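Have a look at these structures, which come just after this line.
You will see chain A twice below: alongside chain B first, and alongside chain C after that.
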Partner chain A sequence: MGLLRYTIYRLLQAIPVLIGISIITFVLANLAPGDPVRLMLQGQQADEELIRTIEQRYGLDQPLHVRYWNYMTGLVQGDLGYSIHRRRPVSDLMLERAGPTLLLVLSAYLFAIVTAIPLGIIAAKRRNEPTDHISRIVALIGVSTPSFWIGIMLIIVFAVRLGVLPSAGLVYPWQPPEAAGHGSYLEHWTETIRHLILPMIALGTLQMATLMRVERTQMIESLQEEYVKLARAYGVPERTILRKHAFRSAQLPIITIIGLNLSTALGGAVLVETVFAINGIGRLFVEAIQQLDYQLIMGITMVLGFMFVVGVVITDISYAYIDPRVTYGERE
Partner chain B sequence: MATTESQLDDQEPGAAEGGSVDEEVETRVGWRYTLAKVKRDATARIGLYIVAFVIFIAAFAAIDSNLSRLTFDTMSDYTAAQAIPFFDHPTRIPPPGEAHPNEPPVFVDGGSLSHPLGTDPQGRDYFTRIIYGSQVSVSVGLASTAIGLIGGTIIGSIAGYYGGWIDDLLMRSVETVYAIPPLVLIIVFTVFISGGSPDIQYAVIGVGIAFIPVFARIIRSRVLSVREMDYIEAARAAGVKDRNIIRRHVIPNSFAPVMVYATLQIGVTILIVAGLSFLGYGAQPPTPDWGEMLRIAHGRYMHSNIWLSIWPGLAILVTIMGFNLFGDGLQDALDPRIEN
Partner chain C sequence: MSSEPLLRVENLKTQFFTETGTVRAVDGISFEVYEGEIVGLVGESGAGKSVASMSLLRLVESPGEIVGGTIEYKGETIFDLEEGPDGELREHPDMLSESEMRERIRGREIAVIFQDPMESLNPVFTVGGQLREFIEINRELPKDEAKAEAVRMLREVGIPDPEDRYEEYPHQFSGGMRQRVLIAMALACEPNLIIADEPTTALDVTVEGQILDLVDDLQDRYDTSFIWVTHDMGVVAEICDRVNVMYLGEVVEQAPVDELFYDTKHPYTSALLDSMPRPDRTVDELEPIEGVMPEAINPPSGCRFHPRCPDAREVCTRVHPENLEVDQAEGYPHRAACVKHDVFDVGYDESVPLEKGDEAETRVGETGSDENVDSTVEEGQASTDGGKANEANQTNRSPNRDGGESRP
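Right after this comes the complex of A and B.
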């Protein structure tokens, strides 16, 4: 199978999973004991007439399969539904909040990759030396600490005690500086980075720790490969071996891990956005849950699941492009 | 740990019955061998000690108080003094209406030995609450991992054993669950199942279900090789029912990697449930749960009462680290590729 065909094949394979996600969210949302409108109007005067009007208006009086069909036909046309609670289309609400989350998740990944790969290599090179042990302890603490607690601790140290970094919110680089009250772009972007540092570390630590562990084992394994031994025997300098021979083959699993961890990162964003009061998708989700805003909850779950599936497909495909040894279309 | 060990013991007759002596030598998954190796490994030993310590504390807290604490019951009757006889501090529950200050821990100005870690905003001893938190975390970790383990084992072994469309159907549906970020899926599940009033038991089920996919995948990949074994063929030829083959031969012989994963998974589970409680969808007040305590600390006391944020987080960190160290040690012991 050629690369193009493999790409198409992987994309087609993702379709049943996407349909599955829609079924799960739909079933969960409709499994609730109370009916959505009543739950939504919790605390307010629930007028029977009003409830029926709302149900009719949004087609909630129709049977489940009809509603699912309507939802799906909307979905394939890019319509994620309409939030009754906020009286706005779900896609609009999500687009508004997508920027901060993307900024946060991408910078967390950047932080993780930039720190994890050199540390992992050093640990592998100095295996069983103190450097290795320290980096293993750091990785262990990293995978064992809740991201939100790291966030809280960072706020306490850097915002409350030292007062050097802001504790809440983000400054959006895509906005004009005037909107944030900044004189120049330099000031604006400096503020962006200053606001980003703490949440980035809070969200990125888990990723960093995971990547570092994988990088270390991969490097250890590839340093034991025959071709590395051969290169050593030829007298190739150790540094060149590390950079040219061992490094490249060790990076492939890293790509897979990054793709698979997208799910954890997006989940972590919910927590980190809550700690740092960042108005992203994660916080929108928490608000939607609090308000029992069914359409919005379904929309967010769908999109997050979709992002994960697309992320995995992209990593699979890029894997196939990078590594000539990968045979496409083979089932595990 | 108690559960893990009894499960390990249960496996032994099963593995022997499977008649897989060759296999056992080959992959070196004998439980005695594993445990001996774990005991020799320093990090695994530290992990084991931490896990044992946390479980001891949790069990201790459970034995000490009335049985309602074991179930995830509310703890409205809960006071500091009755909690732990060892650390019998004078109860300071002020009468309603009277302000009860947030006492700092002993090493901060204004702190006293009667509340070594200070008190929470309701005047409850923080140390006691941290101790009780272990109970919630450990039982939640074990219970939801058990759900994931059992569900995953059933689905994974059926999918792997039968193959074909059954495999496709089961694994595709399981992958679908896997695609939604666990935290998001669990919150949606918890909130909707409970009809808008989430509590810890819904969270436990939700977490368990969310982690069925990973267990199913691991066990399936093992089953794929086990089902080709001669003894399975022999059982089939002898006319043993599929159900019994899966139960008696396939599962026991595919179980080792899953157990390792389960140990590591307990840590992940505790992490997720802490996150859930932090957002308010796990344990509900007044249950002393570490995540819940952090939620209250973050809400209003992050700036004024720092210690409220520190202790629960440290407790989570130590507990999860214990399970991770132990799981890593198990993994090293079971992985024939890593040789020290």
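Right after this comes the complex of A and C.
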């Protein structure tokens, strides 16, 4: 079966990439100034003996390359390590925090796609008319404004001034309503959505702006293709041409961008989670860096790196789904 | 001939409004297409053939626009401008609306076959799906019947295993096979007129032959009329019943095909025929037409072909010839836009022949001043002298330069 073999092949190709990521992160984290043991003791007076014992216990007294080797052998066996600061396995910590981050990133993408594609098509159809100019300005602002700033502005306007939406935290839809003090699922999920709106817009605006511009360019190109002219000459209504004939081939670059921007979105999530006080992986990452929690930093980086690779593979697979000219590396 | 024509085009003008000026891509052409005939539209690249054919469907893209003339199809008005009481041009009330064009004319009555079969099919949909969609739209058949019809048409145009090929994508078809699919699309909609815009230009010669045979055969059976756009006189000879020769947006000669070949009335048509590669002639015997076709943005004064015409005389730079009837053949008029024919009576015989070298200079001299015909001629002659002086200068200069180089 072509698809399965292709996926496995592409994932195997990702191994060197992941090794590269691990080396860079490991070296960078360890080169950062500060000493995790002293940070852990939080300024308490401690004798050298105690510090040495702690270092020994976590293997911090060994040379860098030995520690790296130990870490990697653990990783291959599925062991992401043990957070020295929180004294819990890294995988547990990440699983705990993965839900909110996934919820945030996915809803931001949903927001971006649902808005960007129609707007891009309209801009392409009304090329160089006022609608197009407005969309160009909106896109420019969207691309050039940092997500945390958008977040802060949204909080000021909608949470502080208007008071219509909450400014912090998330309500997790997978929890029972009672846990959040809600009487029914309807109320619970309404609250979920209300909490999600602002961070979703803050994180999704950059993606929306990028996608909108690409969609416009692609649609303009695709509307000038011979097969679109042919469809017109055969009396195909203009809206069918837009929705079907020109649309489908224009979506390939969109998929690429969604796949590649996954890392940007996860990076943005770090900031947006901090602004909106969401307990996701992004915030965990910020805390890990502040505490020089080596194992946690490594764990999060490796997982994010892996997700990026998966994103690229999914992109390639969907390419072949949309474009019949692309095959899974097999001859017919 | 006795019956009404299927399509009547009169004085059609299509212009492109570009930043550098107005391009008169089609500048007042007239022709008819009768039922069951193949009418050729011939000319060099840039003569306005494709723009003319897209104008017939009212599918000229911005910045292009049809600015004048009449197009009538089966008594319906595809395009007509009339002068209102205020002197402004306005659309005739009988003119079909955009949605009527789409629903009643495009595909259903007039179908097209495009030049490039590689680009004309959508790469992300199956060949059969695309064919079926056009059949559904233009013949209002339900999906399954349209599919059966699509498969039947694929078989009809000589595609083997049509049921299997129906599900395949365009990239799995060769160029010739794709062109067959496009022909199937055109025929499947059961139009009365098919515009074939250089449909064999992108194909190699053996495939071209097959396609021409196929069209000939299908045309006999379906009795569809064709407008065959091409620059290839060989194709014209093979397939067309009557021919319109276009030069710079104008029809310069119009005749039944045999008449055009054996009793050519316009120097441009002769030039086209002489420049045609043939097995019985060597490259040395080929006579390419002098120069390139001028831009339609600023056409030469008088007869547009005069700068390249071997028969050009002084009068040709002044008089712009209409496409008048100069002869009759097979019950059709033989029209030619050349003042050397007696019907024009503008003094061609008495006029001084233009020499070719001079002509090139004349064109340079007259740019931008073609409103005043008299001064154009004077200016042309003046610059002719200048041109000669220039030439003399150059011949003088080159030995000097050679000397300069060898001196050290």
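Here is the rule we use: the second predicted complex is superposed on the first by the 309 of 332 C-alpha atoms of A that agree within 3 Å, B and C clash if a C-alpha of one lies under 4 Å from a C-alpha of the other, contacts with A are read in each partner's own complex, and residues count from 1 in each chain.
Assume contacts are C-beta pairs under 8 Å (C-beta built on N, C-alpha and C of every residue); 3 or more make two chains touch, one makes a residue touch a chain.
Fair warning: this is a prediction, and the values are worked out from it, not measured in the lab.
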Query = Touching A:G235, do we find chain B (first), chain C (second), both, or neither?
reply = second
Inquiry  = Which partner chains sit in contact with A:T145 here, chain B, chain C, both or neither? Use first/second/both/neither.
reply    = first
Inquiry  = Quick one: is A:V270 in contact with chain B, with chain C, with both, or with neither? Answer first, second, both or neither.
reply    = first
Inquiry  = Let me test your reading of the model: by the given contact rule, A:S249 touches which partner, first (chain B), second (chain C), both or neither?
reply    = second
Query = Is A:E226 in contact with chain B, with chain C, with both, or with neither (first, second, both, neither)?
reply = second
Key: Most chain A residues touched (candidates chain B, chain C)   = B
Inquiry  = With both complexes superposed on chain A, which partner does A:I322 reach: first (chain B), second (chain C), both or neither?
reply    = second
Task = Report the residues of chain B in contact with chain A in the complex, numbered from low to high.
result = 172-173, 175-185, 187-189, 191-193, 195-196, 221, 267, 271, 274-275, 278-279, 281, 291, 294, 297-298, 302-303, 306, 309-310, 312-313, 316-317, 320-321, 324-325, 328
Note = The chain A residues in contact with chain B across the complex are 16-17, 20-21, 23-25, 28-29, 31-34, 39, 42, 140-141, 143-149, 152-153, 155-156, 160, 263-264, 266-268, 270-271, 274-275, 285-286, 289, 292, 297, 300-301, 304-305, 308-309, 312, 332
Query = Along chain C, where are the residues that touch chain A in the complex?
reply = 57, 59, 102-103, 105-108, 111-112, 114, 116, 119-126, 133-134, 137-138, 169, 171, 182, 185, 189
Ask   = Which positions of chain A touch chain C when the two form their complex?
value = 225-227, 229-237, 245, 248-249, 322-325
